[in-house]
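Below are two complexes that have chain A in common, paired first with chain B and then with chain C.
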Partner chain A sequence: MGKLGSAFFISIVSIAAMVVAAALFSIVFFISSESIRAIKEVGFGLFSPNWYPVWVDAEFGIRTMLFNSIILALWTSIWVWSIGLIVALYLHRFATKKEKEIMLRTLEYVSGIPSVVLGFFGVVVLGDLFLKFGAWTAQNFLNASIMLSVLTLPFMISLSYQSLEKVPREVVEAAVALGAKDLSVMVVEVKYASSGLINAMLSVFNRIFGETMIVLMVAGGANVLVRSLLDPIRPLTAALGSEMGEVEIGSLHYSSLFFIGFLLLVGSLLLNLLTNYLTRQRDKWVKG
Partner chain B sequence: MRWTFRIISYTVFVAFTLIIGIIIFSGVNYFTKPGFFTQYPKSAMSEGGIFPMLIGSLLLMIVVFLVSIPTGLLGTIFITEFAPRRLSIFLQSLAATMNSIPSIVYGLFGLSLFCVKLSLGTSLISASLTLSTMAIPFFISSAAEFLRAVPKELREGVIALGANKLQATLMVLRASKNGLLTSLMLTLGRAFSETAPILVTGAVFYATQLPKKITDPVMTLPTSIYAIVMNLGEKSQWMARAMSSLMVIVMISIYSTVQFLRRHRNE
Partner chain C sequence: MRKFLGLVLLVASVILSAQTLIIKGSNTVYPIAQLWVEEFKKINPSVVVTLEGAGSTTGIKALFNNTTDIANSSRFLKASEVEEMHKAGKYFAPIVIAYDGLSVIVNPNLAIDSITMETLKKIYTGEITQWNQVDPKLPNRPIVVYSRNTASGTFETWVEKVLQGEKLSPRVQMLESSQAEIESVAKNQYAIAYTGMGYVTSQVKALKVNGIEPTIANVLAGVYPISRPLYVFIDLARFNNTWPQQGIVADFIRFILSPEGQKLVEKAGYIPAYGTGK
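== the complex of A and B ==
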């Protein structure tokens, strides 16, 4: 193999890497260029509360769906964050070797359950339970929130567990030597691992916000602002999932759906930047 | 303190085990139904088997494998072996960013580029290219970790023995064989379980025949589960149960293999 072969090989691998970079930019390009029409023609109407895309006087307001998405994601995230952190702390500090092994393995299996299967579980099993306990609808906010927690908890637990395991022994020992008890030691560890934990928390929020199948199947699909835990709701991604297959290509409706996609894309990119910024800040703080 | 934590953790653990158990055992008994794996669904999916969905999912996986693994592997090699440090960090964080984009956005992208602009329509090839767009950065993020874990001394040692860059790269690949296999399985597993992108780019709820060309639409396992739950009644639900059970069993075997490989590497 001569110089020419080497050069050839290098050019092939670099092209492959550039394809990835190009893919991200073309995603941004295609999503935004398809949504331009909606932005031009509907303008601020996009943020009005009513979504009646196929009426004669069609309205393309996404405000209600946007608020529902945010409320659902925040509410679910708070549960996932706190339960996830507690389980991770338990695994890290108290669990025996056997417990750790079994739990981490089960978590991996759960993280492998496809979201459509979880949605199905939510409709068939959890939905029935809801009806039995007297809820007036089987598919609702709480049901979606529970299934989304099942989807993201394994992720939260294993990421936080990994960052807790990275806390150096000296830090813990120093805290104990200073007289810290269980709780204070945990606070020290959580503070030390905070950059990893912040990363886990924001990724969880991002995944819940962008998850489609579960909210499409389980959330209920009523476009009203949520007022109680048992209300059926319709988040942004559910509108995309249910209407994208039937929409006339190139129509205003099509373009407004792309605008929703554009919001999701921008949201996740911004969240990514925020994660990078915050984790870097915490890293600096930890290193002094 | 310890006990509160233990009780919460055990509750989570029991709930998870129950969910997996219910999904698997409420569907697994249908596998023995005659013709379950070999027949077409009949009478609005209340009878027959899952043959076309199985083949559809399999075809998708094959195309995703052929497109995304070579590209992903070459990209990873560039990132870990050839790129200057800054570019390598930049590309890796690009891949990480792409991993966090919601899958439905990939679906929209695939719809607008593959189905409409390249006029491939709702088809096997659009769906698998869309899935590949998701799978490539996922593979890169995962595989780059394993290639970086190969000690520097090995690379330098091989080059000191007179090997050129290509031979050194092959050496690195051989050293991280198990890791690459892990990334490969996780990538295919993720593509297998993803629903939203193929829902908008390539799947139909019912087709009377298998796709003959790559521009034909397909039926797949995940989209059929969705279709049954949303559109069909009680009578067809057994099929969704069986397919869910099958999908979870496939995913658990993938993760078991990954765990086996990991233990093997540590020894």
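== the complex of A and C ==
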């Protein structure tokens, strides 16, 4: 019975694994094959700045949207990384037990908020504040950036906190024994935990880059390259989310949208590879 | 073998006896068609209706291929389609079922009541960017221009009637719903947007266009400039080139032109082409 049971279990698990792998490959195949038409017919035009998909002389340039996506993700990531790391260090080194408990519990709740709710908050509350303080439009780069930070900060804090907690006591004690003060001890800890921290940072970047609902609702939807924090922008994911629902299936517009999807997929894949590479490098460095 | 054939025939006849109605076409007409189909199913529970909204061109193509019974369209047939229709020995009959009239909306606090089509075109193509360029009495503030996203039928009407095919300025902000447009304009004193007349609320101010008020009466009289008729096409060649009086298509057409059907047009935010009262 035991043998039969385990054989049954193994077959179920392996079938599940195969189904998942097959689904993943078919998604990649489907997305890339649907985007072939756009690549063939539009070619380098895909990287021109203007996106006019439904006009008679249509243009399918994604450059502005791509740049806006990257700028938004980088700008937001830098804030989230630094604030997240500082908060995690505080929790790890200085917080009392009660503070830790309250903070971690709160972060858990905040990380459960669906992005559409955050988007709604951005439109209704934050947008109003922006207008009161003299911004010319309620939906803009900064609004999206703030809402994206709220979405990803809990993620960043708890991931970096966990990797800091994993630093063995011996390392800290050895540093202290060598005469390290608070700041130097922290540096040692951060260096020791760097593989986990890098993993957290790149996951956060990936999450921000791929987030759709918030940017669709609060980024502004104007296809201009961002010049000030209060400019409305339209990242790649927003265009995809906005237009995919109603596009004529099989048209050039449809294919171009798939090309955007393909680009996002490749981007996140490369980022994952980079994460793996860097964390492995750091692990090697730590273990000597 | 004979038994098997009999079985096939039986199955086929069962399938055929359950009446099906296929409707394809315009995104603009889609919300109306959804309401129609819902009500129509209540009246005729045995009918199976499929509804797709992938664009007017797709609907008319489907009428050529006999893959739809009814084609919804937000435009009339193109010259090339009329020619092709004659060649194929078909006869697509247009039925105007509603009008899509768009209101231009601004914040109630902005001191403007009327705007011209020319100015609107300049605002939306980016030629004018400040309110004092529209009227020297208005403040020197940037115009915050909102539009519906390219997937909406409202957007199509706007491009056709106001932009006349020209490209929208990239500074125009795309919003996902009429509701979002109204709220954004209600909150921002220097915003402008357009929306279907049925959606306008007291939070915003609807402007006169070329001096003409955006009212249902003015759209029906044909004097309000930003409106267009919406059509349903059927292929009369399938009914021996006569108007169908019996059958599922005839029933559906009768229903959508009835006061009940036209009330649903109003509910979807459009202007009924025919009476909604008894």
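Throughout what follows, the second predicted complex is superposed on the first by the 278 of 288 C-alpha atoms of A that agree within 3 Å, B and C clash if a C-alpha of one lies under 4 Å from a C-alpha of the other, contacts with A are read in each partner's own complex, and residues count from 1 in each chain.
Rule of thumb we're sticking to: contacts are C-beta pairs under 8 Å (C-beta built on N, C-alpha and C of every residue); 3 or more make two chains touch, one makes a residue touch a chain.
Computed from a predicted model, the values in this text were never measured in an experiment.
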- Query: In the superposed arrangement, which partner chain does A:143 touch: chain B (first), chain C (second), both, or neither?
  - Reply: neither
- If you stack the two complexes on chain A, which partner ends up touching A:94: first (chain B), second (chain C), both, or neither? first
- Touch check for A:152: first (chain B), second (chain C), both, or neither? neither
- Item | Touching partner for A:194 - first (chain B), second (chain C), both, neither | neither
- Task: Using the touch definition from the top, say if A:13 reaches chain B (first), chain C (second), both or neither.
- Result: first
- Touched partner set for A:77, first chain B, second chain C, both or neither: neither
- Partner chain(s) touched by A:123 [first = chain B, second = chain C, both, neither]: both
- Message: With both complexes superposed on chain A, which partner does A:245 reach: first (chain B), second (chain C), both or neither?
- Response: both
- Message: With both complexes overlaid on chain A, does A:217 touch chain B (first), chain C (second), both or neither?
- Response: both
- What's your read, chain B or chain C touching more residues of chain A? B
- Message: Counting contacts the way the document defines them, which residues of chain A are shared by the two interfaces, the one with chain B and the one with chain C?
- Response: 123, 216-217, 245, 249
- Can you check the complex and tell me which residues of chain B touch chain A? 1-2, 5-6, 8-9, 12-13, 15-17, 19-20, 22-23, 70-75, 77-79, 81-83, 91, 93-98, 100-109, 111-113, 116-117, 133, 136-137, 140, 164-167, 189, 192-196, 199-200, 222-223, 225-226, 229-230, 237, 240-241, 244, 247-248, 251-252, 254-255, 258-259
- The residues of chain A that touch chain C in their complex are 50, 52-56, 64, 123, 127-128, 131, 136-139, 216-217, 220-224, 232, 234, 242-243, 245-249
- In the complex formed with chain A, which residues of chain C make contact? 27, 53-55, 57-58, 141-142, 144, 149-152, 155-156, 159, 165, 167-168, 170-176, 180, 183-184, 187-188, 190-191
- Note on the structure: Touching chain B in the complex, chain A uses residues 1, 5-6, 9-10, 12-17, 19-21, 23-24, 26-27, 30-31, 34, 83, 86-87, 89-91, 93-95, 103, 105-117, 119-121, 123-125, 150, 153-154, 157, 182-183, 203, 206-207, 209-213, 216-217, 237, 240-241, 244-245, 249, 257-258, 261, 264-265, 268-269, 271-272, 276
